[in-house]
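Shared chain: chain A. Partners: chain B in the first complex, chain C in the second.
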Partner chain A sequence: MARALVHVPANAKKGDVIEIKTLISHIMETGYRIGITGQPIPRDIIDDFVCTYNGEEVFRAKLYPAIAANPYISFFTVATESGTLAFSWTDQHGATQVQTAAITVE
Partner chain B sequence: MSRAAFVISLVIVAATVARAADIPLDQRRSDSDFVSADTRAMQNDDTANPAMLVVLDGETLWNTKAGATNKSCADCHGDAEKSMKGVAARYPAFASELGRPVDLEQQINLSRVTDQKAEALAFESKDLLALTAYIARQSRGMPVAVKGDAVSKPFIDAGRAIFEQRQGQLDLSCAQCHDDNWGKKLAGNPVPQAMSNGYPIYRLEWQEVGSLQRRLRNCMSGMRAEPYDFGAPELVDLEYFLMWRARGLAMESPAVRP
Partner chain C sequence: MDRDRSRRQILQAAALAAGGALLRLSIRPAAATPEMMKDAVRAVIGEAPVKKGKVKLDLPPLVENGNSVPCTVSVESPMTAADHVKAIHIFNEKNPQPNVIGVKLGPRAGRAGFSTRIRLADSQTVTAIAELSDGSFWSDDIDVIVTLAACVEEPKP
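Up next is the complex of A and B:
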């Protein structure tokens, strides 16, 4: 679907609060704009974002047309165990993009 | 009118017509000095700078074979992190085969057409911006170092003439804002010095990456002047002058601007 950048610390201590940053390329077309032909430009947005940590959901966001293009989402979670963080963005048509990042917890 | 009064009024007229000189070298500041701290932080964090998504697209294109020769940029230039380091800081530059300067976008297209035997990419197309942003990224932190030699001088001077020329229905020149009144406010926003050390930029207003030519055309429409076409020699001369004017400032490409 698009290009995504995620930043997760590669290493953390058990119990650390870690910052996670994500960025995905998407036009986030609101549906309220008029094109040069005078026709409305149809809405095209990502409307759901989920982060799971070893399968458990730790963060979810609903996105709406007021979110700017190329949504940047940053949040915190607690490093509990080594494993994988999976990020998935789903657009209004149901297409999903998944990106993963590994973390080692000591 | 007495002779003395006439002379005085002449002096006053001359004083109002004459514009301030160039910004002294030690007073020049990057446009990122005039943006909010949040915008600056977004620019300087590669995981938050949305232009980095475009830089990644550029990296893919750098390694993609194209044209009749079926060669990629990397096949000749190798690792861009080494071969392209400092290159964007030296553009626009004089292209002897054309007898005039070209900007970085035009140089990429020259290489595509003459070396790869591929089609030139359209100005402001996604692919051309991506390649430009990727190449410019390799010069981050390096000082702007365009040549101001005898060959380039006529073109830099032509660019300066456009910069200082009043134009459009508002009868404004670029210099009136960016040389004479930088640091003051225009419609609530600080007027920057118009230093071009961060292009291509991610402009929040555009919600995408754009070139210096796009930005210049924007300003011209703002002055209600007829903008030059993309790729027009006048725009390249203006870009050349602006980069020469920004000489020594650190490259910030891809910068984030409001």
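Up next is the complex of A and C:
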């Protein structure tokens, strides 16, 4: 779907609160703008974002057209165990993009 | 000569058409109202009372460009299994739609809060509401002045 960037610390101590930053390139067209032809530009947004930590959901967001283009979301989670964080963005048509990041927890 | 005249006529017609398109561009969609925001809040949280406090909504008070406004919410909470923040919602008064974002959290978050970038179509009040695990709702409001609105080419008079 698009280019996605995630920033997760590579190493963390068990029990630490880590900050995760995510960004995906997407137009987030609101559906309220009028195009050059006088017709409204159809709405095209990402409306769902989920982060899972070794398969367990830790953060979920429902996005609306009021989110700026190229949605940036940063949030926190507790480093519990080494493993994989998976990030998935789903647009209004149902297309999903998944990005993963590995973390080592001592 | 004849060719020149027809060329001029075509150019004039094109200019008129472009002018018409510009006029139509400047017609903005009807904005949401504070009442619509209240309805949207009720649709999300039901009839529960909302108290002020615990939530901190951080937005620049003066926004130069409404197309991308950094926005941070944080909630005071120990984030344990017994006492944590379940959800945070952001609403606005005057965008075409009152909802901005709704996030779900749990004790796994460690710290209750998030940051994103939002669109603001006008100077208005933005509200954040947090739902705690004990079923209570807490909120914070902030007034922002927007000099260049989202989705509009020309600045507001």
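Please note the rule applied: the second predicted complex is superposed on the first by the 106 of 106 C-alpha atoms of A that agree within 3 Å, B and C clash if a C-alpha of one lies under 4 Å from a C-alpha of the other, contacts with A are read in each partner's own complex, and residues count from 1 in each chain.
Throughout what follows, a residue touches a chain if its C-beta (ideal position, glycine included) is under 8 Å from a C-beta of that chain, and two chains touch if they have at least 3 such contacts.
This is a predicted model, so every value here is computed, not measured.
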item: First (chain B), second (chain C), both or neither touched by A:Ser25; value: first
item: First (chain B), second (chain C), both or neither touched by A:Glu56; value: second
item: First, second, both or neither for A:Gly38, with chain B first and chain C second; value: second
item: Winner by number of chain A residues touched, once chain B and chain C are compared; value: C
item: Which of chain B and chain C A:Leu5 touches, first, second, both or neither; value: first
item: Touching partner for A:Ala95 - first (chain B), second (chain C), both, neither; value: neither
item: Chain B versus chain C as contact partner of A:Tyr72, first or second or both or neither; value: both
item: Chain B and chain C footprints on chain A, overlapping residues; value: 68-69, 72, 74
item: Complex contacts: residues of chain A adjacent to chain B; value: 3-7, 21, 23-25, 27-28, 68-70, 72, 74
item: Parts of chain A lying in touch with chain C, wherever the complex brings them together; value: 17-18, 30, 32-34, 36-38, 53, 56-69, 71-78, 80
item: Chain C to chain A touching residues, read off their complex; value: 21, 24-25, 27, 29, 67-69, 92, 95-97, 99-106, 108-111, 113-120, 151
item: Residues of chain B touching chain A in the complex; value: 42, 45-48, 50, 52-54, 56-57, 204, 207-208
